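This structure is in structure tokens; I'll ask about it shortly.
Note that the chains take the letters A, B, C, D, E and F in the order they are written out, and that residue 1 is the start of every chain.
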């Protein structure tokens, strides 16, 4: 099984969710994160004190999928999350050794 | 070393923490996440505008454990986090190449 | 590619960010988490009801780096995040199979 | 609905005008009947008491629950406001304050409940007068008390009682508990407690004791929250609770000061003691926490302050600064004990400590006014026989506890039968905001 | 600036003092000219209306938007307060209330706009009197109405209008819409609507109808928010919105009760109906939601309550409890329909439902006062000819809709040309707080 | 404690009643001694000033700190309220306002501090009168000023001063700084500043200058927060700060308007200028930010507004609209400079800018009232010699700066020796909420 971690713009979460489900992915987990990268941050000023905020609000979507679905999932996300401007984010793919469904105790690809 | 990622119901965090520590796991990290899966979401209505919220509040617990503790940890979580209803969550196991304790700079299984 | 996950004190985020960028790491993602470990928690009391809060606020920094940068990155974090007191946190290193830049669709180490 | 309902009588209440006293020509009458100064103050006092309910009490309570139930507390405060207003318009005011058929010392029906003369505000016009203020204003001021009283006890069954049950129970409780008790205490000559000589300036019995008693019954009958005592249930927003505390505090100037029904020295002195008591009680609570836990908490100070405010309420027209200090001190200690030790020992889940704070505070003040109202102890009640008055106050307390307790049991049983007291386990789990109201409090 | 500007006249307004009526010696005059009771009440009423704007309306509105725009609503409310205050000082008060040159029944310029006698408060001293209150107080009370009116319509174009455009539009709109309409209705003998016999006790036309009309025009001309109808835009902090609702509610006692300009039975009765209407309207909205969606929401109750408050505003000096109940009921139903069905059908993005709630409420109340003001229906207007009055009210509504609508189109066009109505797409995306003001609301 | 302590005298203050003036029979006296209108207004004004402290100032300040310290600001505001109330009851009122032994022009002890006649409110009954209001009300109104003054300076050492140190310092500071300065300015004939002819209508010197001076000393002596200047410390909840700003603003109507001690034209005109100054100052601050940073911030507007309110305070009884505009303008510019450039240059960590805003504002207003109080510049002070008055005001400022500065140094040293000024490094790191009070503000 592969774990797809996609760091995307918060406004793209819904599109990515729909794109992923369209590829047959039935579950995923999203996390609010702050991202640092090429995209430049903004400045806040409070009574003359300037704060440069370099971390941008992003959302990380994690979906564990069967090996043979991984490519489709990546492609779906690439399509759904892209705007073409700096800050669109990254996708990282890694390997999951084992998966379990807590409700039933089952393990394996069927649990996804 | 294995990384155990368990996506569970928020109300089960305490039980899972105790079950894990009972297996000898001395540390873990929890993260508030939103989960999408078979469990159906809810509808909110604000002045006639309906919002279907498909992402459920969940908690992700991450614990890195020595290889030979992994199975016990998974079983402990399976037991502590299950309610039998849809939405109980998943456990994913993956491989960690190296671990370090920041305080001392040590590495290896002893740092866990 | 390697994924470096560092669980650190929230007050160290900025130092870690700077240390990492100094090693040539151009991007990273940070997440607010709660950590459980050797560091003891605190007690809150509300009208006589005591709550022992064992989870500490921590920040998890995730950076994916080329294999040959991993060691430098780890060392940079070890240096930047340490205070010497219990609760400084951990660093976990794992393997990333593939990485993509959403904006361009490119993959590989160049996307980091 | 027949239109004769609206053939209003003019001025219902006879008053001896200052003009008459001064022997000025009749022309002066119309002008002096209503005091614009008293009217100004009681108008504002009414606004202040409404402000105590929304947003004061709503914030105070809602901050103490878990995030998932924050709106349910607000909604209950708002809807109680609306329902009690309508009850008050239709039959609440008349059943509380219509004095038709009352005889001093009589023990007939009207010693316990008012008449129907003013049903749907019949007979009230902009020209009607009550004492030195417009009757419409007296109507509004008293209405705000009827609103906040059921508001208080919702804290006891917070986070688990079904919204429709809260609504139904409020209607029944106000009709069958609040209106009679209010009449018995404040109905004037011929009212049961009034004739006994009970002292209850601003509602120690009428407001706090009834609310506290019902809170105890309801906490027990509705049952504890799922996981109570096992799962941590810390307040989700103490900042909001403290803000609400401050609003209640300031609003209490209107609650107690307004009960003088005039802008005068009595109102001012009532405000002085209304300021002293919460200060002492809050500090007392903080000091106890400092000693027992090591740290004085803001929630502790706030809880003590509310207890001190509840306690001074019945006494605020009678006691001087010395009495206020003692009442603050005693209520701080007593309510701390009631809201922590006693509650834990008895095991009921009074979620927001209505019993300990309002029941306890009401009790302390209603008894101690009998002592510190005496001139020799710095009070303003001439000819107060302390022992006798203690007996009178005790009797009134006992009667109210029994009446209000029994009625609460009966009404809650009835409501349970009709709509069910508790939300489903799922709604309790996901929160009343989503379950009962289909919305969430925050989406940062 | 010449100093003669500041050679103040003394007391601008002649009054018949009570002292004169009583035949007391002249000495009494100075003392009785100003009623300290009326002054006390109107002072507080002014504070209450200001409190409705900041923080009341700011919280009510800011809670409804997304986190990234929360400060922009606060900032707009604050800056509008500041700008309108200065306009009022410099030329607003005089153009609204200077009666110089007005002739009863005349249709000259001064039927539509006041004169320049009181420019920069010329002639006003601490001794100037208006009726039974200091003129400076009358000035302040009326100022708070001028402040809150443009405050209302910012809800329509929330989350997307450029800050500088809001500022500029406010200046133009208050000068060219508010001041004339205020003068036409409340300018006294010789004012256009006043002479027609229009009833608008506290601003159904002057405040709510103008705000609602402009809101409609602005929502359309500024255009919908990016993603409107597709992306979910739920309120980010309903708790704040409900707190703001409560503050508006309590403040409305000052808004309507203060419009009696005295602490008397008329003020008290205005407050009675001001309490009844939102209760009925809020419950009505909740019941509709219960039927249609299955769950009564706190936001629904609150929205209904504000609609009921807007609706009772023009009628609060004329109707009795029956009228208040009906106005509450009708506004609850009508505004629900306007803010949900009508808005969706017509497709404009009135972000915070100013059209449905304030426009709708103002309409309902301005019409129904013609019916329920009648004595036979429990009102206080002697000799009210219902049909005739309906005509008068309808005419005033029509005139206001057209005048205010056309002016709004013209002024928005002008502002668009001068500074641009909308923020950039990037600012809309990252939020107005960062984009327009360089700060964020929360950093927990 | 002996009971003779409570053998109260009746009416302490002689008044010439209106009844006497009118030559009405004595009967009228009792009735007319107290003006119910004035009483109504000052009662509300007292409530408004208390409202400024809790929750107004608590919210304003608490929103500006980091999440981990939010409750500590609330707790300090509450506990200061309680402590100062008790001080006021026991010896504060008498040391401020007991006029026993004062001689016009005398420079004995009682020019600087009051006597002990009214210790523990001795002699005060509901019938005691001060001017046209009950003495108990005068007591309450003045008490609220004593409460808010130390409340102001806690902003300077926020996020790091030990709770017990704050408590102890408050007790000492109120006793040894506030009471004497209050007496010197407002003690009546024979008071030091009073006899000099110092103008300080509502507390430019008594409240804002003392608070600002002590804030400067304390910020320096307590030392900067850990990481100050390196770690970002942005406000955690600007929405709360803005809400608090609005509450302060509205409450200021009571602060300044109430200082007329009557509901009259003077109060009304004070409110007019109290509205104008913050509007101008807020806009000024926003314009400066627009020019220097490119974006006007809501926090900037709010800060300017508070500066404008502080500045108009001493002048609000004397200046007209022109003066208010200029005072607003100057305080906007001056306080911006003081809170940004000056603070950075001098390097002290005045966490919430008490020095710049309150010190700066108090300074500006106390000086400019000497100019714009003059009739020729639109003010109400007859026979004002501008140059002379500037000298008088300057002298009073200088004296206060020195007295208050020196005392602050001494008292802080003492407190440091007794309990230690600062929390431990760990408590500062984890936050004062947990460290000092064992609780957290939010748990969403």
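Basically, a contact is a pair of C-beta atoms (placed from the backbone, for glycine too) under 8 Å apart; a residue touches a chain by one contact, two chains touch by 3 or more.
All of these numbers come straight from a predicted model, not from anything done at the bench.
K.L.:
What chains touch chain E and also chain F?
P.N.:
A, D
K.L.:
Among A-F, C-F or C-D, which pair gives essentially the same interface as A-E, with more than half of the residue-number contact pairs in common?
P.N.:
Interface equivalent to A-E: C-F.
K.L.:
Could you compare the number of C-beta pairs in contact for A-F with that for C-F and name the larger?
P.N.:
The greater number of contacts lies at A-F.
K.L.:
Rounded to the nearest whole Å, what is the centre-to-centre distance of chain B and chain F, using the mean of the C-alpha atoms as each centre?
P.N.:
Once rounded, the distance between the two centres reads 53 Å.
K.L.:
Between chain A and chain B, what distance separates the C-alpha centroids? Give it in angstrom.
P.N.:
Taking the mean C-alpha position of each chain, the two centres sit 17 Å apart.
K.L.:
Could you tell me which residues belong to chain C and also touch two or more other chains?
P.N.:
In chain C, 31, 44-46, 94-95 touch at least two other chains.
K.L.:
Using the touch definition from the top, which residues of chain F touch two or more other chains?
P.N.:
Where chain F meets two or more other chains at a single residue, that happens at 35-38, 40-41, 44, 234-235, 237, 263, 293, 295, 297, 299, 438-440, 442, 444.
K.L.:
Between which chains is there touch?
P.N.:
A-B, A-C, A-E, A-F, B-C, B-D, B-E, C-D, C-F, D-E, D-F, E-F
K.L.:
Can you check the complex and tell me which residues of chain A touch chain E?
P.N.:
Going by the criterion above, the answer is residues 11, 14, 42-46.
K.L.:
Hey, which residues of chain D end up touching chain B in the complex?
P.N.:
Residue list for chain D touching chain B: 231, 429-430, 434, 438-440.
K.L.:
What part of chain E is in contact with chain F in the complex they form?
P.N.:
3, 5-6, 8, 24-25, 27-28, 31, 34-41, 43-44, 46-47, 50-51, 54-55, 58-59, 62, 70-72, 74-75, 78-79, 81-83, 85-86, 89, 120-121, 125-129, 133-137, 139-140, 143, 163, 237, 240, 263, 436-444
K.L.:
Give the list of chain B residues in touch with chain E in this complex.
P.N.:
44-49, 51
K.L.:
Spell out the part of chain E that touches chain B in their complex, as residue ranges.
P.N.:
232-235, 289, 293, 295, 297, 299-300, 303, 339-341, 344, 353
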